[in-house]
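Data block below; observations after.
In this document, chain identifiers A, B and C correspond to the written order of the chains, with residue numbering beginning at 1 in each.
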């Protein structure tokens, strides 16, 4: 593995999943592997789960960890080439990436979606520019359009909880008061495609995901039809791809409730967190036995540990 | 110990004090105890002493430490149950506590007083909700109404410096330009009650502490009378309990001065820090030989180390 | 070494350089030296390189590291003596320095120039007050008027890259949209003076550095004359010393370009970073083979490691 920014960086998915499971069984089995090695995590926007789980994972492998909130601990980073930098940006991403590479062995980078310029977001300009100028492997801690560490943990959780060889997995759009990126949804679809699941995507009209991610998949505007017999219900809000970055109101009844969960095959409720209660999902579902959101969050540690181990092995 | 949020969590106070003293004598004696274990410290508001001393203590015990400023590194946390979270809060405390529990072995949590809703503050709603949903032990790094790590360090300092078996300890209200919580004062009273000291509390009329903390204790509105023969003078501002959270002006002459210290029995001056010079206490006292504020701050490390060791022993 | 705030703290410069080179050759040779010791880094303003490189250096030596952004993680610090602290400052530097000293073995401190009160800046009031009240060694992570860790890395880089025993080194003022401190320039001059180089300083009229730093040195207002035959071109903006702290516009043509670099003796381009592209230096120079800015940044780790080792040896 040269880095980890999407499922395309994974040569053998089953090996990675098996490694993650092994990490969970014995998190302390490789405490010497990362000795003397440093992970530097750089955040362009806030994070709780990703930050703590990845830091924990690296420390379990014996690594040192340095964390920086780029825009508050540091300063604005210029992303454009050829500009005359006489405005608010104090450092170009070329130097930032080049310098940080010299201070650590692996970089974890959290970028963000502008939700404004779709092409730029989907070209992952910030992540790719950083990687182009970095000289050590880069792990995505979520980018503009993908969140692979989350998806790996999600898939790991589905495998743990599945009662059948080929579970029915529903990805359902959910309401939210603010416009959110499509990253978690896109990434989840990528990882589900690579696994043995019966994936159904459901969302209101106008909230189609990017064609490159969903083509060939089952998509319906009828949430009830989708939920029918589901083993797993993954709820997530995303803003519009076509009317890019706009939030769409008027679909409050897409919230996941106990009543809806009764349509499933005693399905498990999943969400990447943070989740807005009684907007995305009702208290009753989240606090009930069908919710496995904390297991997903828990598996973030082992997903990160598996990815870090793979990178350390090849370093 | 299941956690540490007040003196009520301490089964045998003398054992804890003895352990803290032993830690001070040899801070490196248990460097393997916390190996592979993680302390996650979460701050809802700024901290210097608590943050650094607790981090130092955990590292001396071999633990990994992760620090998060929840509201700046993370996001607003919803505390109410049953609300429709379509406002500024992005995550409910149930999920926050549940998730962080999965990423560490002990949680250190700093909450704050609203100084607005007295019942809520005194019920320690934030601390208790977090604990209710956490699955690992929680250490208070100061809560709305208590600051037990500070009090343990304070008591340890008094024991070190006491010239008599039963010293006279005065807790005196002091002036301050802003409204402050009652946490340090309440907690100090709790720990003094549990120890062999002659405690006297003094404050201007209208600044009574909560009855549950002070009933049965000597309280006087005459600062001079209280200071007479004192071995220790603990100064601290607090806002009104009766007119809850309001600061009370007009008592500037309650500042501790050299002249006042002459009334004591060559008493030591104590304060939890940070302290506003020439408002709470004069430069002359703070810079003079009677001040032991830096010893108190120093003992914060060993107080935290003792508490962490007790929790690790039972994990 | 009792601390490290300027070249005057260095007893034998060649020993320090030799140690830094040795650290670069084998960064892991002293992983036990700092075991159980703690470095606490305090920042009054943002930092990327200094923060990460010093943290990395300390961890390579086996130290624990604690990082605090004083003004965001903590609170405003009072610097004046004798004031009645009833304003926005919550803690006096006396207590801050005294307390932090009790929580670590070495303190790294980043202070800043007011660019307003020249005497105060040049007296290094903040750095010196902190040191006066600290009880452990203090390393400057840049102060109001000096940046010795940067200069050590700069000198180390020049030694690595020099083709002659006595290279010609040019320090040239460069344009910048905001008023910047003179710290990097002052400090660079100090360290160059102590080494075998032919130093020439060039800047527009009115941008003279402080006499105490430059007296006896070659200074010219003709940038072209200075660049002639240079082995190293160190570009850096600084604001006016005479019209203190004012930025000076109208000298945009002092930017370093490829054309200017052709005047040199195939000279290397240096800058401490962060650098504003196409303002201080053109893209072509920074992206070309003559730029050694990333090597300078890289050497920051070994400079810090050498200084930390010296301090640990004497502790």
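Rule of thumb we're sticking to: a contact is a pair of C-beta atoms (placed from the backbone, for glycine too) under 8 Å apart; a residue touches a chain by one contact, two chains touch by 3 or more.
In this text, all values refer to a predicted model and were calculated from it rather than measured experimentally.
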Revision key, fill the gap. Touching chain A and chain B alike are C
Practice item. Would you mind working out whether chain B and chain C touch using mostly the same residue numbers, over half shared, or mostly different ones? Key: different
Check your understanding: When the CA atoms of chain A are placed over those of chain C, what is the turn angle between 0 and 180 degrees, to the nearest 5?
Key -> 120
**Study point:** Intercentroid distance (Cα basis), chain C paired with chain B, Å
**Key:** 39
Review point. Among the residues of chain B, which are close enough to touch at least two other chains?
Key: 72
Exercise for review: Under the touch definition given earlier, write down the residues of chain C that touch chain B in their complex.
Suggested key: 36, 38, 40, 64, 66, 68, 70, 72-75, 78, 81-87, 89-92, 94-96, 98-100, 102-104
Exercise for review: Going by the contact rule at the top, pick out the chain C residues touching chain A in the complex.
Suggested key: 28, 31, 43, 46-49, 51-53, 55-56, 59-60, 69, 72, 177, 273-279, 283, 286-287, 293-294, 297-298, 301
